[in-house]
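Take this structure first; my questions come after.
In order of appearance the chains are A, B and C, and numbering begins at 1 in each one.
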Amino acid sequence: MVSNLLELKEVHAGYGPRAVLHGVSLTVPVGGIVSLLGANGAGKTTTLRTITAGVRWSGDILFAGRSLRRMSTEDVVRAGIAHVPEGRGICTELTVDENLRLGAHLRRDGAEVQKDYDRVFEYFPVLKERRKLSASTLSGGEQQMLALARAILMRPKLMLLDEPSLGLAPIVVRAIFEIIRAINETSGVAVLLVEQNARIALDLSSTAYVLEVGRVAVSGESAQLRGDESVRRSYLGY
Amino acid sequence: MGRLRNSPPRYLLVAVVAVFLIGLPTVISSFQASEWAQALIFAIAIMGLNILVGYSGQLSLGHGAFMALGAYISAILVHRYKLDYLLTIPIAALATGVIGFLFGIPSLRLSALYLALATFALAVVTPTLIKRPAELTGGVQGILVLQPDPPATASDIFSAVTGTSMTSDQWIYYVSLLCLLLLFWLAWNLLRHRPGRAMRAIRDGEVAAAASGVNIAAYKTLAFGISAFYAGTAGSLYGLSTGFVSPDTFPVSLSIQLLVGAVIGGLASIPGPLLGAVVAYFLPIESNQWVPSQTWIPDQIASTLKNAGPAVSYGVLLILIMIFAPNGLVGLVRKGYDLLNRRLRGAGDREAGQLPQDPQTV
Amino acid sequence: MQEFAQQVVSGIAIGGIFASLALALVLIYNAMGLVNFAQGEMAMLATFVAFALINRGMSYWFAFPVTLVLAFVAGIAIQRLVIKPVERGPVLTLVIITLGLATLINGLAGFIFGYVPRSFPSPFSSDSIDLLGVFVSWRDLGVIAVSGLVLLAVYVLLQRTTVGLTMRAAAHHPEASRLLGVQVSWMLALGWGLASAVGTVSGIMVAPILLLEPNMMQSIIIYAFAAAVLGGIESPLGAVIGGILVGLTVNLAGAYLPGVGGDLQLAVGLAIIIAVLLLRPNGLFGRAATRRV
């Protein structure tokens, strides 16, 4: 029985000759929510990209005990990891409904898929309204909802979310984070969350890692980090 | 330990090749000289294509059409207006160049893909377009071109050297060679200086080039014009060399053959066209001669092979080169040189700070 | 008036043939941003295969789908062997490779089947039927029906099935699709297979009209280019409508314009291409400014 769903062990990664990550280690427990914080350029997005094989890496990454070395992006995703990238990755040539269908296209459990559709439309009624429209007609916030909905439909074991709050009004952000918490509680999906907005991330997650220039500078329980003034000021900007 | 230069001394190489080509007709038959003349003519056309495709990045598949234009202009001037053939060569070249330049103007608005598509269509339709104004072009039958006798001085020199008198074919070979050398010199100078740099900048990234002040439109249309000028010269010489022009002399496969030659030799290299032309020209001929000599191949198959052989070998060659050696033969030679260089200098000795060799300068 | 209607129907029939090949071109353009110059030759070779099967006794309506399947497989094979290695390279390299492919396939067809033109059977009788007062040939109707069916099938496949959805996603959004678990590379291969099969329909339909020989598709591909460009090179619907329009134009021009006949119709095709590219490069249904650099 593996208690850590995802484990990064001394991962180095980079684009071409430049390394961006210099030996990052972190773990995400089964069903847990972990946030990855840090300033711009610290390597947070690169970390997520590395997990889904978008970047060359060395070291080891274990998912449910299995090494992800030499696996292609598609295969990593098929193993049960959903990745909502910065920029959302919405297929604008397709309709909202088609985007959602893409989320569910690998699943064989028809009845459960229908349940997830219902859930998704409950969380995001606007998606149900705009089902037949082109995804390009959605606003930024709505596209974020679509991206999240798509990820839910994948019924992954682990969700990688890259800055879900980016460019959204605070009220929308709060709603989305509530939904993320709800998904985690009801389906047990683990979440690795990259965020600029450290406050709200620490509220949601149980543990957190702070990256600085490609290395883990601080890590620990979110409650502790939240309470630690010096950490907040030096690393989290508040 | 001494090291090889990054490329053999340029002038020396050019001189050697020139001497070789000048001396060639003295040791081969007259018929072979006419074949080599056509290879040289191809080289001229391919040099033009190279300027367009390799240097300014505009993929034109219709170069056969420009050759046809040059050939017919010369043929018509000789046939109808009784001009001396040699005089018609620069006229045809200039006229084709101007038309090419005019072609370049609307082409500016087309993306590379659309340009390829449109010029391909042009190449396919060219024989049809030639046949129509039958009164002018001689229609399906074409126009016969009388091959001139060599002038006395040339003939005398030739006899003094070889003891035989110069034939028309050999004279035509020398005319072609002269054009080739002149146009090679022209290309060399163009490409090593501002126009060449500008074109290369355009090919590598129009936005960046425009930002650094390059007049994109001017250079692209110029490339078209110059390239057509070369093709027109080649076409004119081609008519002279074969003795006639007809719509069937310029099918789409000619344009493909030129492209193959350009690619084999190496796009965006100055010596490439000559190498490529020789391979592209002689490959079907040699395979055509090889096939009948294999007596174990029955006649029907042999004749089919003769028809199909060139196409199959061209196709395979094109594909293999684009996959494995996109810089053509010249690129391979350079790689070989680099490899040798590195071995001589000792393994593991990284060339710190040295910019990758610019493949355009010979 | 009678004759005009007949010419219109013939124009639509030949337009269906152009549309099939144009659709193949559009499918590949959507997937990879390149025009497959070998599409016509691939169709020609497949048609020869159909010819060989029919000659060996297979019935026409059995050989037809068998050939389509073989063409489908061949399309996938070509993508895997020849296109995939240079997938990430510049588009012009790929274009030159398709040219090489075209030359190669043409030579191969000549080598295997020879250059003597063969007559290819049509499953439709050459009689005419009286349709609403107009005499229309069964052949034209048959071609229209078959082309229409194939185009409809492609539409259904792409728009209404999951496979079609993943193919479209892979073509337009490769990176995002990967993050959704779509095996993009295989989807591209499927696209090639589909395009190959669709193009083959065009070859089989035109062979009874033109006589089967290795250079048969050389003029058809020009018309298909015209159709694709006219319709907008990214739009499958545009390919169909473009095909019909080009078919009508060329046929009517050949019938009614003096001097235009036989080979000069091809010049009409060229004229259409040039006119569209100069006046409205995006065609009728294309999107503005998606220039794949």
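Just so we're on the same page, a residue touches a chain if its C-beta (ideal position, glycine included) is under 8 Å from a C-beta of that chain, and two chains touch if they have at least 3 such contacts.
Predicted model, so just to flag it, every value in this text is computed and none were measured.
*Asks:* Given which chains touch which, is the overall layout a line, a ring, a star, complete, or other?
*Replies:* Drawn as a graph, the chains make an open path, so a line.
*Asks:* Just the chain pair, please, that has the highest number of C-beta contacts.
*Replies:* That would be the chain pair B-C.
*Asks:* For subunit B versus subunit C, what separation do you get between their C-alpha means, in angstrom?
*Replies:* Taking the average C-alpha coordinate of subunit B and of subunit C, the gap between them is 33 Å.
*Asks:* Distance-wise, how many Å sit between the C-alpha centres of subunit A and subunit C, to the nearest whole number?
*Replies:* Those two chain centres are 44 Å apart.
*Asks:* For subunit A versus subunit B, what separation do you get between their C-alpha means, in angstrom?
*Replies:* Distance between chain centres, rounded to whole Å: 57 Å.
*Asks:* Of all residues in subunit C, which touch subunit A in the complex?
*Replies:* That would be residues 162, 165-166, 168-169, 172-173, 175-184 of subunit C.
*Asks:* What part of subunit C is in contact with subunit B in the complex they form?
*Replies:* Residue positions touching the partner: 33-35, 37, 82, 85-86, 89, 91-93, 95-97, 99-108, 110-111, 114-115, 218-219, 222, 225-226, 229, 263-264, 266-267, 269-270, 273-274, 277-278, 281, 291-292.
*Asks:* Which stretch or stretches of subunit A touch subunit C in the complex?
*Replies:* Result: residues 52, 72-74, 77-78, 82-83, 85, 89-94, 98, 101-103, 105-106, 150, 154 of subunit A touch subunit C.
*Asks:* What part of subunit B is in contact with subunit C in the complex they form?
*Replies:* Spelled out, the residues of subunit B in touch with subunit C are 53, 57, 59, 61, 106, 109-114, 116-118, 120-122, 124-125, 128-129, 131-132, 252-253, 256, 259-260, 263, 300, 304-305, 307-319, 322-323, 326.
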